[in-house]
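Got some structures for you, see below.
There are two complexes below, and they share chain A, which is joined by chain B in the first and by chain C in the second.
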Partner chain A sequence: MDRFLDAVFLGLSSGAIYALVALSLVVVFRASGHLNFAAGEMGTLSAFIAWAFYDAGVPLVIAALLGMAFGALLGGATEVAIVRPLEKKSPLAVFVALIALFLGINALTTGIWGAPPAEEIGNLFPNDPEDFWRIGGGVWRDRDIGALVVTLVITGLLFFLFQRTRFGLAMRGVASNAESARLVGVPTSRVLIGSWAIAGAIGAIAAILVAGNQGQVTPIIMVTIFVYGSAAATLGGLDSPGGAVIGGLLIGIIENLAAEFSKDWVGQEMKLGVALLVIFVVLLVKPSGLFGTAKVERV
Partner chain B sequence: MTTVDDDAYVSELGPQAVAAEPAAAATLLHVANLRAGYGPVVVLHNVSLSVGEGEVVVVLGANGAGKTTTMRAISGTIPREGEIDMAGRSILKASPDAIVRAGIAQVPQGRGTFPELNVEDNLRIGAYTQRGGGIDDDIKRWFDTFPRLAERKTQKAGSLSGGEQQMLAIARALMSRPRLLLCDEPSQGLAPRITKELFAIIGELSRDQGIAVLLVEQNANLAMHIADRVYLLETGHIVASGDAETIAADDSIRKAYLGY
Partner chain C sequence: MLKLNEGSPGHWVIRIIWVAAVVAALVYIPTKTNTSTIGDIATATQLAIAAMSLNLLLGYSGVISIGHSAFFGIGGYTTAILVSEYGWTQGWTIYVAAALAFVVGCIVSLPALRLKGVYLALVTLALAVLFPTLVRWGKLAWLTNGAQGISGIGYEQTPTWYNDHFARWQFINESISLPELRGREGRAIFLYWVGILILAVCYLVCRGIVKSRVGRSLIAIRDNETAAAVMGISRAKTKALVFGTSAAMCAVGGCLYAIQSTLAEPNLRFFTLLGSITFLLIMVLGGAATLWGPIVGAFAYVILDTRTRQAGESGEGVIGWLFGWMTGSPATLVLAIVLLIIVFVAPFGIVGLLKRIAAKFIVIIPRPAGTAPLPVSALEEPAVAGSPI
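Moving on, here comes the complex of A and B:
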């Protein structure tokens, strides 16, 4: 039972990070129909910006908020400068450009910050070995609870935005029927910029949490996590924010349980494989994901 | 003698000479030499039409005549050239949201509701260009007009029947408090009984609220009943126009568009 709870707690915290990445993907996908392949790297760059402020003596919380603001700017700028002009040409061009952006940001961060010394950054939550809670025999570290709380708070804010605000209604309208949204006077370009900006800020906090757990920002912190995040978004349903969160948490829990209870077969190296296998099976049964909407093409 | 006969002949068969402009009311929408299309494909070659305040104008045309393209050009969702004036102001270069604010609301072809949003949110988003209060009052007012929508206000629009969705699309368009309602083939896919009910509602809206209507249809019979004036659209050109009775009285037009 202790091992079980340990694995669940660990799964919830790594799952929370996947959930954030998945949320960032879903917010953009709902608005624009694009899968942002650069989401992870955009987060990494934002985490480096947060580090730069932190390194200059700005308190970590403020530095993290500034990193999120940078992520929002980067997201909005990506929509205006890259996605919008290319979208008129072809969706494939956007796809290629976002992969190019992924590679470009990776090259940029490696070029600037790739060499030692390491860019050390603190954790937003208490992170000493004795900072943990004992719950039902399991051990739950403060920083892991913190990551989960951040994810739940952001989910709550997004829910409020979507369900209770005028801009959120516009975002839902664009996701549901972009053509009709334009016809009722929704300024769709502002909705797109806003969605990319929100996604950028969410990706930034995800990367800052990862960096805090590792104690430093490196150019590759988000590479694997992006794979998990996109898997979580696919599992939950690419157009469902709630699905993204549940998908992320599920993947986190499944992979950690598999690693804990099948140390020889799965272990730490193979746990992603187990998670992907689960996704494969789910998608065979329900191709639009657990909570996704099956889109029917209208003629 | 001959000339007089010729003139009489022209004025009967060439209805454009009879009533090309709205007679009584002031012009609300003025479209002249409109050209529009999709990329290199030009669909509208030369469309000129006008709608007076509170008037119901029907544009009849077969499949592919350019009816939907005309609607899209007016609502600003495709590139266009020529003249489009709303209440005396050019909206040729205006964005779709500016055109809604200028008082034009479109009920798109195939209804175009927001299937994942519930009925009330569909109405609410229709008021997106409206600032300030009165939105809840408007929702209540259109729920009174369309009681079937009120019963289904928390249901997702995608779960409504075709007729209900068409009513929702009209009510949503009305939420922007338009002076001109564009209706793109409202009868499409609906049973004749529902279509009749729908046209009755559109006619009432125009009469009671003073909203002008520009309606494009393939199904001419029912649309003619509520029309003040009619235009005929063929392959991107307006080929005839006139008041509804004149058009309905014309043998060749009646055979081609009304089927009797």
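Moving on, here comes the complex of A and C:
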């Protein structure tokens, strides 16, 4: 039972970070129909910016907020400078450009901060070995609870935004039918920029949390996490924010349980394999993900 | 503007000039350049094969795949395992690798048949990430030797049959004869010619597919899947077949790459996600949905990559001046920038761009099927091959 709870707690916290990345993907996908392949790397770059402020003596919380602001700027700029002009050409051009952005940002961060010494950064939450809660025999560390809380707060804010504000209404309108939304006077371009900016900020906080857990920012912190995040988004359905969160938490719990109870076959090395197998099976059965809506197209 | 009917003497002159130029370039490289350049160009042929296989999927059928590095890796590992464990000759492993990758490709295409666009991209992304993880997996170590990989699978020497039978063939007199291939340079030249030969075969396969009923079906599926299905095209069969063929072709490139690198290991450059991205880049650089695009793209990529790497190390030239502040090589950053520029400025790639420029000066009027040649004036705006990425 202790092992079970340990694995579940661990899964909830790593799942929380996958959920954040998945949310960042879903917010963009709902609004524009594109998969932001550079989401992880944009987060990494924002985490480096946060580190730069932190290193200059700014308190970590403020530095993290500044990093998120940078992420939002980066997201909005990507929409304006890359996605919008290319969208007119073809969706494939956007796909290729976002992959180029992934490659470029990764190379850029490696080029600037790749050399030692490591860029050390603190954790947003208490992170000493004795900072943990004992719940039902399982150990739950403060920083892991913190990551889950951050994810839940952001999800709550997003739901408030989508359901209770004018801007959210416009976002939902664009998501369901961009053409009609534009015709009835919804400021589509502002909605798109807003969506990308929100996604950028969410990606940034995810990267800052990951960096905090590892104690340092490196150019590769988000590469594997992005794969997990995209798996979570696929599992939950690419157009469902709630699905993204549930998908992320599910993947986190499943992979940690598998690693804990099948050390021989899965262990630490095949965790990713389990996660990917799960989405492969889900997609075979339900191609639009658990909570996604199937798209019907007319000729 | 010059207008020529397809098959007219003028058209044949252009064709012959093309063939002569390609043959001249092919002979020039192994005879006049140094060993490392020959090796780079041999790698270019392997990458061209991989990009060509991706072009078949992404360019012609619009099926997004960023999992081709896994097929490349399957090819490499099949060769490595058969050579090191079972003592096969390198060349024969290529057939096994192609067959194996065909089967894996068909299996992967199962969800691909139900998925569209980004969902498919995500499944293939999973494939690309899964392959190195699987190869490193402890439970498969008996086969793949874990993280260390398998080494020593290259040619020890140039296969003796060449030196026995072909070297010192005299064409006209002693001065024009095939050289004997020995040592490091000999291996490079041999792999170069093997690469060119297989690339030519792959080109013909692609050409055959594209210009056949299957190819037309693919393009129809790409342009409007629902409409294609309504027209009576079996989507499932066509897609599975093409996915399998594409995987098999990519695996062949992987075999040659492993033979040239003399090893197969999980983090070999083109066996990871970076490989898939590179193939995509090559395809876009050369021109999606053109037959020559992947070939031109691969050569351009290799030249760009080696040049920027050298410039990054020495800090010389424009690249060195622009990117001297970077830790490590600026090659990847330069590639990303080039890719972005290509997407904006020349979405048809190098080949598409050249064709469009050429079309301003020379127009080849295609021969209409089953009818007498139309007068030149009937076709003012003939279609140009390629599609914007």
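In this section, the second predicted complex is superposed on the first by the 297 of 299 C-alpha atoms of A that agree within 3 Å, B and C clash if a C-alpha of one lies under 4 Å from a C-alpha of the other, contacts with A are read in each partner's own complex, and residues count from 1 in each chain.
By our rule, a residue touches a chain if its C-beta (ideal position, glycine included) is under 8 Å from a C-beta of that chain, and two chains touch if they have at least 3 such contacts.
None of the values given here were measured: they were computed from a predicted structure.
> Tell me which partner A:186 touches in the superposition: chain B (first), chain C (second), both or neither.
A:186 contacts chain B only, not chain C.
> Of the two partner chains, chain B (first) and chain C (second), which one does A:110 touch, if any: first, second, both, or neither?
second
> Would you mind checking which one, chain B or chain C, touches more residues on chain A?
Answer, by number of touched residues of chain A: C.
> Does the superposition put A:170 against chain B (first), chain C (second), both, or neither?
Touch status of A:170: first partner only.
> I'd like to know which partner A:273 touches here: chain B for first, chain C for second, both or neither.
second
> Who does A:56 touch here: chain B (first), chain C (second), both, or neither?
After superposition on chain A, A:56 lies in contact with neither partner.
> Across the two complexes, find the residues of chain A that touch chain B and also touch chain C.
Correct list for chain A: 298.
> Under the touch definition given earlier, write down the residues of chain B that touch chain A in their complex.
Chain B reaches chain A through residues 75, 77, 95-97, 99-101, 105-106, 108, 110, 112-117, 121, 124-126, 128-129, 172-173, 175-176.
> Spell out the part of chain A that touches chain B in their complex, as residue ranges.
166, 169-170, 172-173, 175-177, 179-187, 293, 298
> Taking the touch rule as given, give the residues of chain C at its contact with chain A in the complex, in rising order.
Residues 58, 62, 64, 66, 110-111, 114-119, 121-123, 125-126, 129-130, 133-134, 136-139, 224, 226-227, 230, 277, 280-281, 284, 288, 323, 325-328, 330, 332-333, 335-337, 339-340, 343-344, 347, 388-389 of chain C touch chain A in their complex.
> Considering only the defined contacts, which chain A positions touch chain C in the complex?
Checking each residue of chain A against chain C gives 29, 34-35, 82, 85-86, 89-93, 95-97, 99-104, 106-108, 110-115, 224, 227, 230-231, 233-234, 238, 265, 267, 269-270, 272-273, 276, 279-280, 283-284, 287-288, 295, 297-299.
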